[in-house]
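One chain, subunit A, appears in both complexes that follow, with subunit B as partner in the first and subunit C in the second.
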Partner chain A sequence: MSKAGSAFVVFLLLLGIYLVYTGTTNPVDVIAGGVAAAVIAALSADLVVSKPSKVFDPRRWVAFVIYAVKYLTVIEARAHLDVIRRILSPSLPVDPAIVRIPYAVSDDYAITTIANSITNTPGTVVVDIDTERKYMYVHWIDAKTTEDEGARAHVSEEFENYAKLIFEG
Partner chain B sequence: MSSEEALAIIVSLAAAALLAVVAVGQGLVPVASTDLTPLARFYLLNVYNGSSQLWGASPEVITSILWDYRGLDTVYETAVFFLAIIATLTLFRDAKLLPETAGSGRGMTVIVKTVTRITFVTIPIIAASIALHGHLTPGGGFQGGAAFGVAPLLLITAFSLRLAAERGWSKGKLLTVRTAGLLAIGLIAVSTPYIIAALGGKAGIGYVMQNQPKAWAEVGWPYAIAYAGMRVLFSGTLLFLNLAELFAVSAGLALVFTVIAMPTEVLEKGGGVKK
Partner chain C sequence: MVTDALTLIGQVLGCLGLVLALVGAVNDLIAAIGFVRFKNFYLRLHALTVGVIGGTFYPLIGLGTYALFCIAPPLGYYVAGVSYVTAFFVLITAPAGSHAIARGAHRAGYRPEPAREDKLAKDREEGVME
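Let's turn to the complex of A and B:
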């Protein structure tokens, strides 16, 4: 059941991508894209989705939309402005360090969301991850603290809260 | 500010100013010339002109040239590519893809792996779109196959070859798909007289790689189907050749990437190198 569910979820995703990329809703294209999506989903869906029921949970989608909008507008703009200010200041106010940030999620997609959210905001880059002890090593342009929990509060806490709502469980 | 920094700023500003002067002064010229050569004029006037005896039934000039006007060239090109892959396999003829000898399977970080899981399934669907619309928009079978080739390469790089071996990839399976694609191209190349006879048309003598009827060889593939008030253009042989080429190139590239990713000891053993 879970296997067929995974294949169905991946099928929907791929058919959507096919139609958007091709730019048509012509019935012939829906059939052709559907066949291609079904073949790929049958062969490889288990790589992508393990718990398909999570995809049909509307609370996760609401959290995802809120996070996507907030991340792409407010959080990104704030991080960009901060780094722009540092670059343009003649005194170059940077204090770089690699800090160790703990995380408390176990789903691969949640971990990846946190890591990519950190990397995609200017000023912070995830350089390595230790999945056994659950630490991310993050290069921070202006390390306000080198203490684990302090760095977590500054850098990744908000990302982690949303990642938990969207993917965990 | 050091003198080096000052110099860097001055050079950057000078380069920007030069670029601005060139862009404004010259005006940006079109990339393609509007002055067409006679050959270009021929293709543009004939390729999607139903009243022309030399039409290709496709609005995509490049695909028409590749699979129709110069179709034999592409068949030979595909054969050469196939031969190159056969030669690669001959070098490592007995190398087997087994999970035990395909590395540790540790791969990269969970971040890279998770992103690769998604791209591994989305790249093939884009490849399918590129190939299936090769007769309508830029793209085609080879382009789709080349795009597809990135998917196995990413999987091998992010997860190591071991996952591929565990998921049942084998040289035999990939070679079967590759050969089936090439065989389909060969069958389509000689199919035109039989297709028209099978569909109840007037049988006649045709050419190898003939797509649409010519005045002196009046056989040709149908180029569109109509149903429910809609007309779907598939440009005769072009769609099918693109589809066959997609499978041939995809499996060929996956095969080569898989073989060259094998550990050196396995390749040495498979190539019969004496220790």
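Let's turn to the complex of A and C:
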């Protein structure tokens, strides 16, 4: 059951991407996309989805939409303006450091979401990650603090809270 | 009357899309300036992010929105779909590339200079991080 559920989730995702990408609902496209999606889903379902019931939990989707909107508007705009100001300012004001940021999630998707969110915000780049001790090493263009918990509060706490709501459990 | 209002909304959204594309062009230019002005690999990665998200992701979203509302349907849907899907994949795959080259550079011994602190190098020296 779980395997069929996983395959169904992957199938829906792939078919959705295919139909949005082609931009048509021709029977030919729907059938071709459906067959391709079904084959790939049957082959890769185990690797991609482990608990398909999580996908159909509306609370996770609400958290995801809130996070996506907030991240892509407010957080990105603020970070872009900050780095653009540094690039264009004549004195080039940077104070970089590689800080160590602890995280407390264990789901692979949640870890990836946090790392991608950090890197996609200008001003912070994840350099390396230690999944055993649960630390991310982050290059920060303007290190306000080099303490672990202080850096976490500045850089990743918000991402982590949403990643927990969306993917954990 | 209703169709008029919808056309107007569509045109406003199309214009917003074009504005996003223009903002993206400016972001790309600033990212290029940042590439020249920053003298350190890790600092250049931050300029790179401005170019990827501000200079690629947002213009693609804008282009998709413009195509959706201002280009006649069959072609418009096609362009919009390609733009949105490409934007989505840029958003989730670009950081993977950044992670890989940053990790590779640090493992190869390239250190961030200047830097207040480098906890990764410190942890590697102490042996707690491979």
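Rule of thumb we're sticking to: the second predicted complex is superposed on the first by the 169 of 169 C-alpha atoms of A that agree within 3 Å, B and C clash if a C-alpha of one lies under 4 Å from a C-alpha of the other, contacts with A are read in each partner's own complex, and residues count from 1 in each chain.
The criterion applied here is as follows: a contact is a pair of C-beta atoms (placed from the backbone, for glycine too) under 8 Å apart; a residue touches a chain by one contact, two chains touch by 3 or more.
Note that the structure is a prediction, hence the values are computed from the model and not measured.
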Once the two structures are overlaid on subunit A, check if subunit B and subunit C clash or fit side by side. fit
Determine, under the contact definition given at the top, whether A:Ala115 touches first (subunit B), second (subunit C), both, or neither. both
Arrangement angle, subunit B at one end, subunit C at the other, subunit A at the vertex (C-alpha, nearest 10°): 70
Looking at A:Thr131, would you say it contacts subunit B, subunit C, both, or neither? Reply first, second, both or neither. first
Going by the touch definition up top, name the partner, subunit B or subunit C, that contacts more of subunit A. C
Tell me the contact category for A:Val74 with respect to subunit B and subunit C: first, second, both or neither. neither
Taking the superposition on A as described, I'd like to know which of subunit B and subunit C A:Ile66 touches: first, second, both or neither. neither
Kindly classify A:Gly33 by the partners it touches after superposition: subunit B alone (first), subunit C alone (second), both, or neither? first
Scan A:Leu12 for contacts with subunit B and subunit C and give back first, second, both or neither. neither
Which holds for A:Val94: it touches subunit B only (first), subunit C only (second), both, or neither? second
Quick one: classify A:Ser44 as touching subunit B (first), subunit C (second), both or neither. first
Considering the aligned complexes, could you tell me the closest Cα pair distance between subunit B and subunit C in angstrom? 5
Report, in rising order, the residues of subunit A that make contact with subunit B in one complex and with subunit C in the other. 17, 21-22, 115-116, 126, 128
Counting only contacts in the complex, subunit C reaches subunit A at residues 27, 30-31, 33-34, 37-38, 40, 42-43, 45-47, 49-50, 52-54, 74, 76-82, 84-85, 91-92, 94-96, 98-99, 102-103, 106-107, 112, 114-121, 123, 128-129
Per the touch rule above, subunit B residues touching subunit A in the complex are 109-111, 113-115, 117-118, 120-122, 124-126, 128-129, 132-133, 230, 232
For a test of understanding, state which residues of subunit A touch subunit B in their complex under the given definition. 10, 13-14, 17-18, 21-22, 26-29, 32-33, 36-37, 40-41, 44-45, 47-48, 108-109, 111-112, 115-116, 126, 128-129, 131
For the subunit A and subunit C complex, residues of the former touching the latter: 17, 19-24, 76, 80, 83-84, 87-88, 92, 94-100, 115-116, 119-128, 130, 133, 135, 137, 139, 141, 143, 146
